[in-house]
Each structure stands twice: as structure tokens, then as C-alpha cells.
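Pasting the structures here.
Two complexes are shown next, each including chain A; its partner changes from chain B in the first to chain C in the second.
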Partner chain A sequence: MKKRLYLELENCIGCRSCLAACTQCGGHEERNRNYVYDVNPMVNRQTMPLMCLHCVNPACARSCPAQAIQIHETGAVLSALVEKCIGCQNCTIACPYGIPKFDTEQNLMYKCDLCIDRTKDSIPPMCASVCPSNTLQWLTDEEIENKKKQFNLDNGKWVTSIPYLEGETNVKVNLPGILQGITKLF
Partner chain B sequence: MQAKVAANQKTGKSIDNAFASHFAKSMFLAVCGLVTLSFFGTRMFTHVDLNLYGYMVGTIIFIGGFFYRFIAWGERPPTKIFIKKGIKLLFRKSTPKTSVEHLATYNFIWNRGIYRWTQHILIGWGCILSCFVTFPLVFGWMYFTMDDNGYYSIIAMGIRVITVPANGIIANLSYNALNITAVMVIAGVCMALYRRLKNMQARAEQKFMYDFLPLYMLLLVSVTGLSLTFMNIFLRGAGQPAMSLIHQWSVIITLIYLPFGKLAHIPFRPMSVFARNYREHYAEQSMKGCKVCGDEFVSTEQSKDVVEVLGVNDIEFQTKEGHHLAEMCLPCRRKYRIAQFSGFPIHELKVKEANQNAKG
Partner chain C sequence: MQRDKFFKEVENVIHPNETLVKTHCAYCGMQCGMNLRVNRATNKIIGVEPRYDWPVTVGKMCPKGVTAYQQTNHDDRILKPLIRDDASLKGTKEGFREASWNEAYDLIVKKFSELQNKYGKDSLSVFSGVSMTNEKCYLTGKFARVALGTRYIDYNGRFCMSSAAGGFLRSFGVDRGSTLPWTDIHETDCLFIAGSNTAECHPTSMFRVWNVQERGGYIIVVDPRETPIARRADVHLDLKPGTDLALANGILNLLIQKGYADKEFINNHTNGFEETKELVKEFTPEYTSELTGVAPEKIIRAAEIYGKAPNAVVMFARGIEQQHKGVDNVSGYTNMALVTGKIGRPKSGVATFTGQGNGQGGREHGQKADLLPGYRKITNPKHVEEVCKVWKITPEEMPQPGVSAYEMFELMEQKTIRGLYLLCSNPAVSAPNLNFVRSAMKNLDFMLCSDFYLSESAEFADVILPSVTWSEDEGTVTNLEGRIIKINKAQEPIGESKPDWQIQVELAERLGRGKYFSYLKTAKDIADEFRLASKGGYADYYGATWDKIDKQDGVFWPCKDENDKGTPHMFLDKKFYHADGKAKICALPYRPPAEEPDEKYPLRLTTGRVVYHYLSGNQTRRIQFLRDMCPEPYVEVHPETAKIYNMEHEERVRLFTRRGEAIYKVKITEAIRKDTVFVPYHFGHEQSINLLTIAALDPISRMPEYKACAAQLEKVEIKKVQ
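Right after this comes the complex of A and B.
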């Protein structure tokens, strides 16, 4: 069954387990490809994770002159193919979320590939496997739909993607309740 | 009516009009070039080695596939920009150094690991040297003659380049050139296959058709080539005719498959020199400051090109603030997204990016 990465942003406690787990993925050569950001560090301790959202129409792949960024049949936008990447860094400029990283020494771009060795067999990606606060979840579309019902909103404000993102993505994001005009209880 | 006339005048001048397509033109020029070179190389077709005609036909079909694949690829908007500007910047001072590092010594692969560098040097140079021997022989640009007095001449493009003792070092090296490169390729391919079985990154993404088939084909070419030598020396040529056909078949299949599989990166790779030149040249011209923090993070030209390429693809990342997302530096772009999620403009806050590397 097809599952998706699903982010409930405000659950994040800033433990950075996802970063550590990312380095341990089979294909990641001990370099993490995701980020955790403070929301307002002078005022509170809220953090939010940020990783590749695996756009349906990925700008990185569109801007790649070497066709090095492939899209897996599961929808995951893969890291650059090592033999094709020519090191132009177009993808880092094109990505609307600033996700791809570039290794100057190796002349190679690398980014979140949604742990494709795991997710192609429906095993959750490393980050979702270790997240202690249910910020990162690995859910079916049906489960995401149920989440939506659970909030029981009539204000049409449930957002899992647009308008806070630039386009349709394979990773679904559940924005903090504050933007949706609700208080969430967990 | 006027427009029609103007169009006619415009097209009437161009040589491109003589051909139905880019493909037809490239193919015509390439085949003409090969024939011309062979005409001179073989001293007006008097030294053609017809034993190799299969390879000749195979090469022409390969060139067809090659142009088909690469003209289609060159039409992609980002590729077109890099090719156009890359050719314009080809005569930079740093080009020879960059070319050697990227195309001959593979320094960047060294940085990815010594094991991978070794396997790449063995396969890469094994194949390149083989091509330097094979193609000139096939098209008659180079051939050998045995002189009466125990000397041996190498003739390149119809010119007697060197005459050496028939049992000397240089002569032996040239008889055995393909045996040596075959051993190099076999060693490299075995290393590559071993890595593909063990390395987790490779295992995650590899596909049979894309990653394994080229390796098996190179192995087949090298093993059948070496076994030709083996049959000559130890079996007095027994089985040679059949094996030479198998070898020919394997080489031709590899050539035809080349533009469509993993090996396509061989003719593709000079683009990395273009890309490096492009980045260096335009970085010297002027750098783009981030619209939020002001840090210079990319050349103005590349920023402009990426915005343009995205536009061609109907991707417009205009922010509420009125600039394009590609005009922000990467940390600011990430913080900007967090700002969209949280409603608080963290990207405008002058705080250091919190620890993003999982090294503690």
C-alpha cells in the first residue's frame, strides 16, 4: 500500500533525532539531508523540521542540465545520479525550499531521497522511524484523510499543502493549528 | 504575404535548410568526416582491413543512436544554456587544468573514495585506450606493416610514424595493447560489481538494465577479446572464427546500447568542464546578493538563467515580497519556508542557523 511522509509541524521538540537517523540510512554515506529550524528562538523553543517535500513537478529536476535527478516510481525525487551530476548547482538555486546540498570536493549534489532503499518496500524513512514526537509520520492516504476528519473543521482551513507550499508535493504537511485557526489537542 | 517572403529570404540563406533536421545534418557530416579520414588514412582505400567491416557498420549505427540521444538531450532548456555558454567560455585559462582533472585524472572521484577512483581509472582508461587502438584500425586511420628486415612500421593517416624492431618493447606493447586494456577493464569491472553487491547506496538505487548490463557487456567484450588471444597462442587458433564473431557481436551491442544506458555519461561528461567554466567565469563577473541577508551565494548570470529555465517550465516562484525564491540564499530560503509554516518571519531575524549537522 502506498504510504506518504506526513509532517505535523508543531509536534517538533527539536531533538534532531531525524538528522541523526538520516546519516544512518544505507544510501546516505553518513551525511544528513534534512534540517530542523527554530521558529522564534528569542521567544520560545518551538522548532520545525524541514526536508525535501518531493514535489510532483520538481524544480530541481527541471533545472538539471544533465538529467541527473530522477523521479522514482513511488514519486520520490532522488539524489543526483553520481555519474551524471556535472556539479553546476542549478538544482540548489531552483529548489523553492533550499534543500539540495552540494559537496564541492566530490563535485556532487546530494539530497533527501526519502530513504528510497526503505520506502520502495514501504518501510518508513529513517527520520519517520525515529521521530519520538510523531512530527514525522508514515501514513497511507486513507489515514491522512482520517486525520483530516478528526479535526472536524468547518472553516475550510485544513491545509496539507498549497497555499503555504509552492506546488503539489508527495510529502503532506499539516500546518500548525495557529494558522488553521484551531487549537489542536493530542 | 510580406511575412511569407521575409521568411523565405531568411530560410534561403541558411545551410541548415539543406537538411530535414539537426539529426540529418549531424549524421551526414559525421559520415562524410569518417569517409574523408579513411580516404586519406588508407591511402585512397588501398589498406582497408575488411575483416573489421562489422565494426564499421556497428560504429555508424552507434553514431546514429548517439546523435538521436544527444540532440534530444541538448534541446532541454537548461542543457541548451550550458552548451551555448560553455562553448563560448571554452578558451578560459583554466580549461586545460579543469579538463584534465575532470576527464583524465578524475580528482572528484578520488574524493568520493579511493576504491571507486581505482575502479574508474581502470575501466575508464581501459576503454579509452582500447578506443584509441580499435577505431583507427577499423577505419584504416592506422595500420601496421611488416618490413623485410625484421622491422615493423606503424602507419597513421598514411604516414609512416615509427619503425621499430619486430620483437622490441614498443612493438610488443602495440601487439598487446588490447590485451593490456582488457585486463584493466576486467579488473575494474570486477571491482565495480563487488561494490554494487556490497555498497548500500548502490544497492538502494541500482537497476539491472541501467547499472549492471553495461558492466556485464564490458566484461563480455574484454573476456571474449582476451580469449581470442588465448586461442591464438595456446590453441593454435582453434575456435577463433566463432569467438571473433562473438566478440564482434558483443562490441557492437555495447556500442549501440552506449548512448541509452549508464555509459552515456562518457560522451556527456565534458559538460562538467562547461559547468565549471560557467560558474567560475560568471562568479568573476558579478555575484548575486541574497534578497534577505545580502550574502553573495551565486553568480548573477546563473540566478537569471535558473529563473528563466523555470519560467520555460511554467514554474514561477514569486514571493509576496516581490522577488523570486531563487534570489534568496539557501539558509534564507529554508527559513522563509519555516516563516510560511509558522507565520513568524524567522528569515528576517539575525540569528545563526541552529545546528544542522548531525555530528553533535
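Right after this comes the complex of A and C.
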């Protein structure tokens, strides 16, 4: 059954376990590939992960003059192929979220490949496996549908209900504020 | 066993030439399940893979857990025994030379014997810890009493769980950290969480915590800081550090006044209600607000939510326990559950977030100054007799009770204690009032330390023995639920390191006490003796065989025999462990913190953890990822306070109390009270915040008041180079 990475940003506790775990995936060369931001550190402890959204029509790949960024049949937008990447860094500029990282020593771009080693067999990626707060989850489309229903879409906080920054994405995101629509038990 | 909605059938990824070894994390009481990845060619641990099949944490880990495997083959490991001949170098890393085990053992035995011959048995002491297996904890207690014959043994749980233990014993007559399994937590309707920075200290509880809100339930958080969990709480009771008991009494008063008391439960299953009701009357919302600094409306709202909730769990941690009234705070918050009857059934109860991996098991089996295996009392002749039978000694040979952890340092200073065997602990960072503690350690005639890294405390030792990490030995630990689980060995000990139990058996033999120890050849041998020693005690592990632990995904104690499946929920029959079967509702007069702010020291200093480090940081500060994330301590200051002191973000300032001082970077944040400053405690040497903390001890638990003392900030003049 096809599963997707699903982000519930309101849950993030800033532990950066997702980053630590990223290094553990085979083929990641022990380097983490995503980001966690302190939203407003002098004011409160809100944090949020910034993960590659695995765009359906990815700007990073489109911008690559060497076709080094391949798209896997699962939809995962892979890290640059070592033999093709020419180190031009177009992708780092093209991505609206600033995801691709650049290794100046190897003159090579590297980015989240959604732990393709794992996700090709529907095993959750490392980040979603370990995330202690369920900010990062690995869900079926049906489960994501249920999430949509549960979180009262009318409050405008469901990201797929507002215009995309960069077209449709394989990863689904739920912005902070979703709890406002929840009916209390008593 | 229980598989809840978070459990998913997932296959693990196994790379070619690798084996996965099922085990649990090395660190906190959550004891998250994990698989260690072992390279089959080198037989070395090389990584981690989630353990999706562990029912409590379903694969989740915090960054400490994810990187824990990096400890095993770390460059800093001590690989051979170390001896330091020049005692003048104590308190530094200098002067150690490598030695053979034989030379080290000979020296230890010579020094121990000299001291005991000259100054008596009790001139030696053992200071241990609970980040190790039950088998090791059990044997350490036996080693102190039977091999060394000293009364002075205590452990770092005095700085961690002793107040929870004291409070639970008083309220329930038994000390199991949680009255319900963690797989119930997300199904309750209200979590009342006091003094727990859950998101940082027990992160893998968070998916369950958030789920309560997702279901429409409530979270109430009591904390002087707006921690990540407080940020999202329905009510955040932002009290002054050290005023918990007033808040607990205030809420209890409201619960009674507003009709949330469960009369039937109170009458049938508790004592002490009337007296307590009278005592808390004084704690009106206004008076409580005056003492705690929390707005009356918030207190009223919190009481209303907890009172109305069909099911609720009261939870707490070191924030309320590390006070000189920690035991009263525990019983005070526990009163809420007893008065409303929200206990002794699924989805309702009381729980403490156990700090150390084996904080629960390690305190039950005889490392505490006055306890013997199975939670037996060393002052109870019947209990002593039961344990003597297993140990094959006479009751006359059993030493008297000793003193608590901090008090042992006082005896070192006075030269009553002259020798120390320190293991699994780093008091040179984690004890309070460190100037005193460090000088007491320096004052010792002889100190043996066993550790796998050269900790700040090892710097005071004459001999260091290389012990193993959790991944190079096996045994059981008891997690924060009271569930006994199995730690498995993934790699052979590196270098010449040995597990602490083996060290103790070998030392005992050389001390002429071999007949009580030599037959313990494996961790399993110790497990079998230890189960027997606990049999019939409150914490009865007799039926918790390794086999059963494996088959059942852990066993909750008490587990009395082969057929007993264990006890996930406590008190389902509404029987508590006091002689009359009733719980005690405690009338607890309020006391302010031992040291209140004044003109000279106007700020309240409180301490705690960050998500990236564990306890004294001896392990986590060596892990690159964790060090990168949090390389040094800092002092959190509210912007308005910083303005008064004319301090900028990231500026280095001097923080001081009556006991000590340190220089810290300022971290300006609105997520803290204006009258309070916070410093994480994981750092050594001149960076230790415990140089400043106060050793005011709880009268029952002997827990120091880490969480509240009076402090002052000062700008550091930067001297211009001439």
C-alpha cells in the first residue's frame, strides 16, 4: 500500500531526532539532509521541521542542467547522481524551500531521498520512524484523508487547501493551528 | 501483549552483513526499544535501527537514543585499568598510567584492607547509580554489605527518584513509579503534568501526550518555564520555583469545594480526608496565587478541568521532587487522584517520569542506605532474616543502615568515610553544592572509580577500572511504567573492560569473600539469585524470568510466581499497600523553599535538562551530534529582567549564589518567569550549575533542593588588554 510522509507541524518539540536519525539511513553517508527551525526563539519554544516535500514537478530537478536529480517511481525526488552532478548549485537556488545541501569538498549536491532504501519497500523513512511527537508520520492516503476530516478543513490550516508555493507535493503538510478546530470532550 | 493504535507491523531493514540485536536505550526511564546494528565481519556495533515492535515506543527515539550506539566504540573509552600514584594530582585528568587488572586489584585490596583494619569496616563506602541493570544494582548492594561489610552505601537515585519513592510509599504504601501502563496515557481525558519538561526529558511520551489533545482532551502543565509541552497546554500554571505544595493544596481545596470529591471512594479506600480538607481550606485561589504567583483564574480553570475529566492522570517529575519538600509535593499532587477517586482503574492514576534508565528497579533492590532487595527494610529484622537466607550470612553480619548520598560526602569531609568505590555515577557534576562535594572527594584516603569514560568524578580517583557500556552486557531494567525489560548484549567488551558485576565478583574473591560471590558466573546467575532475594518483598520479581520478559514484551512487577503475568495496572481491586488496605490522603502544611530571594540574591535559580544531554553529560557530551546541538550551558533570562541588568542576548555574565558562581552565556527568552533564571546541569568543571545549588535536603527522602535557590546576576567586566 502506498504511503506518504505526512507532517503535522503543530506537534514539533524541536528535539532534532529526525536529523540525528537521517544519518542512519543506508546511502546517507551519515549526513543529515533536512532542517529544524526555531520559529521565534526569543519568544517561545516553537520549532518546526523543514523537510523536502518531494514535489510532483520538482523545481530542483527542472533546474538541473545535467539531469542529475532523478525521480523514483514512488515519487521520491532523489539526491544528485554522483556521476552526473556538475556542482552548479542551480538546484539549491531553484528549490523554493532551500532544501538541497551542497558539499563543497566533493563538489556535489545532496538532499533528502526519502530514505529510498526503506520507502521503496514501504518501510517508513528514518525521520518518521523516530519522531517522538508524531510531527512526522508515514501514512496511507486513506489515513491522510481521515486526518483532513478530523482537523476541520474550514479553518484554512490544511496546506493542501491553500495555494501551493511550488505545485503539488508528495509529502502532505498540516500547518500549526490545526487544534483550533477540535471539539473538546467536555 | 497490548498493541495499541500506534503499533504498526513494520519490517526492519537489515543491511547485508549486519545483524540486529533487540535491546533498549542506554539512557532515560522511557527505555525506548531499539535494534543495534552489528557488523558481522567485525562484530562491532555500527548503528541503530528502530524497534517498531516495542509496544511502549513503537520505534520512536529521541536524539540521545538515536546516537547512543556511538558510545560503545568511542575513542574516549577506557581500555585498561588506570592507576595514579601521585595523589596531589587528584581532581585533574593528569597522572594516570595503564596497569594490569592484577596490579589494580592488588592495590585496591591493599588499600581497602588497610583502611578497614585501621578505621573499621565503615570507613569504606560505595556510591552507585541506577543507569545499570537490576542484576548490577542488586549485586552492588550485596557487595557493599557482604564483601566490604560496610553500612555506607547509597546511590544517585537520591538526586533523582527518592522523593517520588517517599511520596508513593506514604500515599499508597508502595512505590511503583506509575500506577498504569504508558499505553493508557493517550486514552485519558486530562493529563495534569507538574514539574516535567516532558518534551525534552521523556520525548517519546509526546506522541501519546499530544494525542490526548487531538482527541479533545486537556493538558495542564505546571512549570516556571514555558517548555515545549507548556506552550501547547490548555492551561499553563507558571508557578514560582519551589511553591508546588501551595498549588497542590489550592487545587485540592477547589476540588473539594466544587464537589468533585468522590465520597464513596474516600470513605472506603482512604484515610486522612477530614484533616486534609481542614488544612487546605486556607488555600483559596487568592492565597494560593499569592504564594505561587499563578493567576487565580488559571488555578480555578485547572481544578475544574481535572475535576470534570472522566479519566485523568496526574504526572510529575524532578521539578516537584527535587525540592526540600519533594516528598510532600508528591503526596500533595497524589491527593488530587485520591480525593477524586481517579486511580485504581485504567486510564486514570498517578505516575512519575523516572529519570534514569533503571531509576525504578535500581531503587528497589538494595543500593539505598536503608533498603534490601525486594524493597525490604534493613531496619526490619524479619526482612533482614529473609535476605540473609539468600546471601547465606547471619543477621548479625548485616550492616546497619547508612546515610544518604549527599550525607556521605559530609562524612568524607569529616574523615568518617575514608575510602570510596564509585560506579555508574558522576557526583562531581550531579551533586549539589559542588565546591563542598569536590573537596570532600579530594579528602578521601583512597578512591576507586569504575566507568567507561574518564568522568569528572573519575578525576578524583586513585584507581579507575574500565567497565562496559550497556551494549556489552545483558540483564534487566525496570522502565518508568514498572515494566521489567531485557537489555541484550550486542558486542563483546572492548579492550580489557569488564562488566561491573564481574569486577565485584573478582574483587570479593580477593577480599576473601569468594564463597558468597564466586558461583555467580553470568548475569543470568545473578538474575536468578536476585529474583529469589526479591521474593515476598513489595517489589517481587520472582516470577519475572528472562523467558517471560521476552514472551510478554516485559513484565510489570509485582510478579510473584511462574503463572503470574505481572501487574500492569496497580490497585484495580482498590487495595492499597498500607496495613489496612487504604491509601493515605495527606494533610501537608506549606513550607517555602529553603532559600527565598532577598535583596542580595533577588532571583530564583532553577535547573534542569535539555533534550540533547543525559544527566551529568559524561556520555552525551562526547557524542558529536549532541555536542553540536548543545555545546555549552547557558542561563535563560526573561527579556524584562535582562533589561534591568542591561544584558544582551549571548553576552557572558556571572551568575552566583551564596555557595558558588559560574560564567554563562545569556539566552533571552520570554518562555520563563521574570523572577526566575534557568541553567541546564549537564556540564562539568567550572561550567557546572551545581556549584551554585543548595544542599537543603528533604527530611524524608534526603533529596537536595536543586530546583529552587536564590541567585544574582552580574555583568562581567571585560578587561581591556593594555
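Keep in mind that, in the parts below, the second predicted complex is superposed on the first by the 165 of 186 C-alpha atoms of A that agree within 3 Å, B and C clash if a C-alpha of one lies under 4 Å from a C-alpha of the other, contacts with A are read in each partner's own complex, and residues count from 1 in each chain.
Going forward, a contact is a pair of C-beta atoms (placed from the backbone, for glycine too) under 8 Å apart; a residue touches a chain by one contact, two chains touch by 3 or more.
Small disclaimer: the values here were computed from a predicted structure and weren't measured.
By the touch criterion defined above, A:S133 reaches chain C but does not reach chain B.
In the overlay built on the shared chain, the residue A:D117 is in contact with chain B and with chain C.
When the two structures are aligned on the shared chain, A:Q46 is found in touch with chain B and with chain C. Of the two partner chains placed by superposition, chain B and chain C are both touched by A:A20. By the touch criterion stated above, A:I71 is placed in contact with neither chain B nor chain C.
Considering which of chain B and chain C touches more of chain A, the answer is B. When the two structures are aligned on the shared chain, A:N57 is found in touch with chain B, with no touch to chain C. Of the two partner chains placed by superposition, only chain C is touched by A:N11; chain B is not. When the shared chain is aligned, chain B comes close enough to touch A:D38, but chain C does not. Taken together, the two complexes place residues 16, 19-20, 23, 26, 41-42, 46-47, 117, 179 of chain A in contact with chain B and also with chain C. Residues of chain A that touch chain B in their complex: 9, 16, 19-20, 22-23, 26-29, 32, 35-42, 46-48, 50, 57, 59, 62-67, 78, 82-84, 86-90, 92-99, 103, 105-108, 113, 116-117, 164-167, 173, 175-176, 178-179. Residues of chain C touching chain A in their complex: 10-13, 15, 47-50, 52, 59-63, 65-67, 189, 199-200, 203-207, 210-211, 213-218, 226-229, 231-232, 308-310, 611-612, 625, 629, 639, 649, 668-671.
For chain A in complex with chain C, the touching residues are 10-11, 13-17, 19-21, 23-24, 26, 41-47, 117-118, 121, 123-124, 126, 129-134, 150, 179, 182-186. Residue ranges on chain B touching chain A, taken from their complex, read 73, 76, 78-79, 81-82, 102, 108, 111-112, 200-201, 203-205, 262, 265, 268-269, 271-272, 274-276, 278-279, 298, 302-303, 305-306, 309-310, 313, 315, 317, 325-326, 328-335, 337-338, 340-344, 346, 349, 351, 353-358.
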